[in-house]
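The same chain A turns up in both complexes below, where it pairs with chain B and then with chain C.
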Partner chain A sequence: MIEIITPQSAELNFRQRWASYLTIAVAVVGLLGGVLLRSSIIDATVRFENKQAGIAVRYPVNWLLDENREDFVLRVEDPAATPFKTMLQISIVPIGQGARSALDILNPLNISRATSLPSYRTLEISPIRLPNGTSATQMLYAYAASEANPILQSIPIVVRAIDVVVLRSSQAVIITYRADAESFERNQHYFEAFLRSLEF
Partner chain B sequence: MAGQTSLRAVRRKRAARWFRNSCQANFHRLIRRTGLTVVLLLACFAQPALPMHRAEAAPLRQATFDATKAQRATVYIMQTYTNALGQAVISCVGSGTLVSADGLILTNAHIAVSSDTCRSDKIVIGLTVRIGEPPVARYYAEVVAQNVGWDLAVLRITSSIDGIPVNRATLALPFAELGDSEDANLDDTINVVGYVQADEKSNGAVQVIRATISGFTAEARVGDRAWIKTSAIIPGGMSGGGVYSTAGTLIGIPTVAPSRSSGQSVDCRRVQDSNADGRVDDQDTCIPISSFVNAMRPSRLARGLVLAAQLGLTPSLPPKAQPEPKPSSPPTFSRLFFAQGVNQAGMPSSVVTGLPSGVQRLYLFFDFDNMVDGLIYELRTTLDGIPNPTFSLAPATWSGGRQGLWYIGSTAQVWPNGTYEFTLFIEGARIASKQITIGGPAKPVPTFADILFGILNSRQELVSTGNVLPVGNTINAEFVFNNIPPNTHWKQEWYYEGLKVSESAGDWTDGPNGKRSVSATGSAEQPLQPGRYRLELRIGPEEELAATSDFIMAGAQNVLKTEIFSKLSFATALQDNQPGGIVGAAFPNTLQQLYATFDWREIAPGTPWTWRWTVDGNPLFEVTQPWTGEPSGSTFWVRLDSRGHIPDGSYKIELLVGGVVMATATAKVGLGQLPVTTFGAAQGVQLQGRIVDAETGKGIPGVSFLVLKTDIDTRDFTWDMSQVYDMSLTDSDGQYSLSRLLVRDSKVAYSIIVLARGYLPVSMDGLRIDDKTQNPLTINVELNRD
Partner chain C sequence: MSFEPILLAPQKEEQELYPYRRVWRTALIEIGILLLVTVGTVLAVRFISPRIGEGQRQTIGLAYALLPLGLWMVFSYLGERRVPEPRPRLFTVAILGALVANAVGLPLVNRLLNVNEWLATAPGSSRLIGYMLTVGISQEFLKYAVVRYSVWPGAFRIRSDGVAYMLAAAIGYATVVNVDFVLNNNANPSVYALRVAEFTLTHLATSTIMGYFLAELKLTRDTAIFWMPGGLVLAALLASLSIVLRGGLIVGGIGPSSTGNTAFQGLGAAVFLVVFLFASIYFLINNADERAQLRGRLDFQR
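Take a look at the complex of A and B:
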C-alpha cells in the first residue's frame, strides 16, 4: 500500500521569514564589518611629527621609518613590497630669494638625480593643487633601480616616481612617491592619503 | 587496510596542515589587526615548521685563512681605452685585492698604471659575485698611489660601471687586512689568490693556490726582504692579487712584469679588433701575459701606499726645469761581483770569488748605466747548468735611476753546493753574466772588507763614519784586512763620477789582520768636487777586486759632522719662494697642503738623495731620486697635498743621502695623532644566504632581510630604521648579503626579520656570533605563501 504524502505549503511562516532576514542581515553586517576591518587594517596609519621641520603627516603602519638624515626629513618604505620597496619621502631644501618657481628647485634636482639614478628620465612637469588647497608643482619621472650591493645580481627595476614641490618662505618641501612601474598605480592611494594628511 | 592506513595518514597530514595553516593565519591576522611586528613562529608550530635553517658553527678560529673571504676581496682589473669608434678596448688585465671597505685596491703598478704597453684612459674593476664564476665588471677606479719601482699601486673605486659616482662611505665591500710580512718565515704555508687566464681548462674564475715560502730575495734600496719567493707555479694572471698567511692576513702581492723585448711584450693575446678594421691581426692591441709568478712583494712595502691613499695624501716636489734627456747609449750592466754582506748604504762588505759550504747570504753586485726607470730587468740563475728559480729574480720594473751600483741577493737559506751562473737581462736581452762556486771547507784567504769613510778628529781617529763626506780636499777611509801575507801586492784606486782620478800600489807591510787607513787628496789646481766617488781595493799579482765602496761628497763640515741640509721647517704656503702662511711645527687640521722647506749646499747634480714622509711613525712615502737643483740654494721644498684636509697626525720628513738621515723635522697637525678609524680592521662575520619559496624551492627576489641592533629584539621592534643594524634585499636568485659585518661578541644577540608580500613573515631572536662562528655565516630561509 502506498501512502501519498501531500507536500506542505511552500510559504514560510513568520518565524522562518524573520530568521532568513536575520541571517542575511548578519551576513551583510559581517561582510561590511570584515570589509571595514580589512580597510582599517590596510589603511591604518601612524602619525609622524617633526616640529623642527614644521611637518606632520600620517604614514602606513608597518612601513619602515627612517628620519632626520641629511637628505630627507622622513622616509618610509614598505618592507614587504617586492621587488621594489614602495617609498614615501619628505625632504626640505633651502631656497634663495631669487627662486621664483618650483622649476628653480626641480632643475638642479633633475641634474643631481641624472648623475645618481641610472637611466633617469623626467616624464612630465605640471602644476597641481594639494588637498588642502596649496599650489604645488608635480614632476613625474622614472629610472632603473639596481642593487647597490655588488655581490648580488639583480635585474634592474623600472621605478616610476612623483615629486611634489611646494614652496614655503625660504624652503621648498619635496614630497616623493616611488614604486615599481607595475604597482605604481595600485599603490598610489598610499601617496594620496599621505598628501591628504600632510600638515606644514 | 593499506588504503585505510594511507587515508589515515592523509587525514593526519591534513590535520597537521590545517593546524599549521590556522596557526599561521591566526598569527598573520594578529599582525594585521594589532600591528604586532613580530611573530615567533618557532613557538607557534608544534612541528618544526619554521622554515629557517641556521648554519652550524664550525670549529674554526677567527685567525685562520678564509678562502671565501679572500676570494671575495680579490678583484679583476682591466685597463681600457676608447678607440676612434668609441669602443672600449682592453689593453691590460690582472688581479688586485680590496684593502678597505670603501674601495681601495692594492695591485701591481704595471697592471694599473697607463704605459706604452698598457695604454688606458679607464680602469675597470670586476668582482667575484659567485665563487667559481668569472668576475663581473662593476666599477671604474683611478690610481691614487703608486711606486713603479716596487711595482705596487693603490686604486680607488670612483664610479659604478654605468658611470654613477659611488658614495664610498656606503660601499661596504669585502676586503683583506694587511698583515706583517716581516713575520713570514722560510717554509711557511701561504695562499696565493688571484684570477687565472680563461682558457680551455679554466673559466677565468678567482683561484686559490697553496704554496710555501722558499726564500727571500734582497734588492738594492729595499733590503734583504725585497721579495718573498715560492717554489710553487703560480699563473701570471694572478700577478697583483694577494698572498695570505695562515692567519688570513695579506702579507704579499704576487708580482711579475710581462716579459718584453725592445719595448714589446713577448707573450700577449690579441682578442679585440681594437683598430676597427674588421679583422684581428698584428695591428690590434695585444694584451700582455705575464709568465709564471714565483716572487711576491711583501706587504710592508705596500703599507705606506695604502695609508697614503686612505688619508687622501699625495707628495709633490718642485717641477724640474727641464726633463732629463733620454740616454743616447743602450743600457748596460757591468763589473759584476759577489759579496756576503751589505752595509746601510747598500755597499758590499767585501768581494768574494768563491765560498765554502753552508753559505746563507750571497749578493750579486753590478754597475748600471744608461738605465731608464720602467725598463724590465731580470736575473736568471743556474746551478750546475740547471735553472734555479729560487735564486732568480723574475722580470721586474727598474726604478734605480740612470747610473750607480745595484745588488740582488738571497738570504735566510743555505745555498746548495755547486757552480752558479748569474745572468742579467734588460728587456729580454742578455746583458752580462758571472759565475761563482760554492762548496768545500772554509779556507783563509786574503781579504779586504768594510770600507768606511769619515772625518778625522784631533786625535786622528776616523769619526762620523759612513758613505757621506763633507766637501773638502782630503778623503779619509779605513778598512779591515784579514789573512794578508807579507809583501802581498795591493792597490787602491779612486774614481770620481766613474772616472779614475788616482791610484797607488805597493806591497803589504801591515801584518795579516787589522784595520788600516787610506786617504786621497786633491791638488791645489784641481780640488775635490762634490759628487759621487768610489774606492776600489785590489789584491794579488792579478790585482783582483777585493773590496769596493761608493761614497758621496756633499755639503760642508759642521764641527765633526756633514751638513748638507739646513733650516728644515714647515709652512702652509710659499710666498715669493719663501715659507709663508702658517710657519712652524703645529698646524690646524684645515690644511690642504703642508710644505717642508730647507736650504742645501754643495750637492752635485745627479747625486742620489732620499725624502721620506711618515705619519705617527708609519711610513707614507719614500722616494730616492737624483738631485736636479742647483748645487747650493735656499727654500727647496717637498709638499704633502690632500684631497680634502690633511688629517690629524704627527708628520715627519726625513732627508737622506747615502742611506743616512741628514735632516729631520716633525709637524703636528690637529691633535697630532691619526684618527682611530684610520686603522679600522675588518672584524666580524659576514652574513649571507638565500631565501626561497617553500613550495617551489625557487629564490624570491626583493625580500627584505633585516637584522636588528643587539639591544632590540623582535617584540621591541617598532619599524624604525634606527633600530635596524643592517638590511639586505634578495637578488633575482633570492641571494642576500649584508654589507655590515656582525660583531663577534657572545654576550649580545641579534634578531632577524624576513618578510615579503605574499609570504608569511619569519623572525628569530638570539643569534649570537662568537669566536667560533663560521665566517661567512650562511642562513637560508624558506618562506611559506600567505
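Take a look at the complex of A and C:
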C-alpha cells in the first residue's frame, strides 16, 4: 500500500512557528560552531625552536615530536594516522664549496634511497618559491613501506613524499613530508602550514 | 447518621478504556529484551568462545543491527495496530528516520566532518563540545525534523505521542548507524551486540527529550518558544556526553589483572541514560497531564 503524506491542516500559531525557526537556527549555528571547532583543533600548532640549528617552525599540536637525532633536527609524526604515520621532518646537511644547486644534494639522496627504500621512484623535480620568498627545489617521490615488525603480517604501503631543499651558506635544509598515497593530498595542508611557519 | 444501602448485586463501575498504546511499557519491553540478548551474547562469547568464520561474523552482526528494529516492529508497531486509536504513520516515521540517517546524518558526520579523525584525540572538554556540535546536533535535529515535518502537529493528540513518534524516528536512525558499524568493522559478536545496544539505547533515550517538547508545543498554550531549541541543545549535549563517557568507560584501568577493556561499563552508561531520561520524561508528561486535567476541571466549575 502506498501512503501519501499530506501536510496536516492544522495552522501553526506564532509560538509554534517561531519555535520551529529557532530550532533550525540553533541547529545551523551549532553545526557551524562544529566546523569552526574542527578547523581550530586540526590547525592548532605548537612552536618548535632550535637555536643551534637556527630553525623555528610550528607543528600540529597532537603530533609526536622527535628531535636532534643524527639525521634530522626535527621529526613530527601523526600518531593517529594509519597505516602509515604521516610525517614532517627537517634535516640539515652540510655542503661543500662546490655545491651550486639543490641537485647536488638531491642526486646523492636519490642514490642512497634507491638502495634503502623498496621500489623508490623519483617523480618530479621542480623549482619553487617558499611563502617567505626563499627560492627552493622540490622533489616528489614514492616508495613502498613495509611493516617493521615481521610478526604483524601486512601488505606494503605506497608512500608519497615531498622533499623541499633550501640552500643557505654552507648548509642545505631539507624539509620532508611523507604520507601514505591515499591520505597524501588530504594531509598536504599540514605540510603547507609547516612551510609557511618555517623561519631560518 | 446515614446508612449506605448494601446491594446484593452492586453495579460494576465501568473502567475507562485507554485507547492508545502505552508507549513506555512497549519501549521498556524492547529495551529489556535487547539487553538480555546483549548480555547473553557477551557471556556466551566469554565463556564458550565459539569459533565463527569471518563471513558468519558479519551475518551475525547484521542480525544484531536489525534486532532493535525487529523488536520495535513486534511490540510497538504491531501493538499499535491492536489498540482502538492507533497512531498513524508510525512506520513511515521510522523509515524516514533511517533515510535521513543514511542520506544526511552519516555522510555529514563520517565524511564531511570526519569527527573520529580530530575528536578522538582532542582534550576532554573540546571532545564534549565537539561531539555535541557535530554528532549530537545533527542526529537530534534530523530525528526532530522527521517528526516535525511529517506528522506534527496533526497526529499529536496526547503527550506520549511525542515520545512514540520520536522513538520511531530514533529506531530508524539507530538501525542505519548499527548497520553502518557492522559493515565497516570486522569484530566478534559480543562487540557487535554491545555496540548495537549502546547506539540504540542512546538514540532512544535522547529522542524522548524532543518528543516531550514537540508534544508540549502542540498541546500547551503557554510553552515558551525557547523550549524547543533548548531541548535540541540538551539532547545534543546528552548524546555527546554518552559518546565521551562510553569512550572513557570502556577503556579499562591499567593493572596486572586488567584486560584493558571493560565493555560492560560502556553499556552501563547507555542504560543509565535510558533509565534517567525515561524516568524524567515520564514524570514530566504525567505531571503535565495532571495539571491539564486539573485546569480542565477548574474551567468546567467556572
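Everything that follows uses one rule, which is that the second predicted complex is superposed on the first by the 166 of 200 C-alpha atoms of A that agree within 3 Å, B and C clash if a C-alpha of one lies under 4 Å from a C-alpha of the other, contacts with A are read in each partner's own complex, and residues count from 1 in each chain.
We take it that a residue touches a chain if its C-beta (ideal position, glycine included) is under 8 Å from a C-beta of that chain, and two chains touch if they have at least 3 such contacts.
Quick caveat: nothing in here was measured; it's all calculated off a predicted structure.
After overlaying the two complexes on the shared chain, residue contacts for A:16 are found with chain C alone; chain B is out of touch.
In the superposition on chain A, A:64 makes contact with chain B only, not with chain C. Within the superposed three-chain model, A:85 lies in touch with chain B and out of touch with chain C [touch as defined at top]. Legend: residue contacts after superposition of the two complexes on their common chain; A:111 is shown touching neither chain B nor chain C. Of the two partner chains placed around the shared chain by superposition, chain B is the only one that A:155 touches, whereas chain C remains out of contact. Of the two partner chains, chain B and chain C are each touched by A:41. The interface of chain A with chain B overlaps its interface with chain C at residues 37, 41-42, 62, 79-80. Taken in their complex, chain A has these residues touching chain B: 37, 41-42, 44, 61-67, 75, 78-85, 115-118, 147-155.
The residues of chain B lying in touch with chain A in their complex are 31-33, 35, 37, 72, 127, 129-130, 136, 138-139, 162, 164-165, 170, 173-174, 688, 700-704, 706, 719-722, 724, 728-733, 735-737, 739, 755-758, 761. Of all the residues in chain A, the ones that touch chain C in their complex are 3, 5, 8-10, 12, 15-16, 18-20, 22-27, 30-31, 33-35, 37-38, 41-42, 62, 79-80.
Taken together, the chain C residues at the contact with chain A in this complex read 89, 92, 113, 115, 117-122, 126, 129-130, 132-134, 137-138, 141, 144, 148, 150-155, 217-218, 223-229, 232-233, 236.
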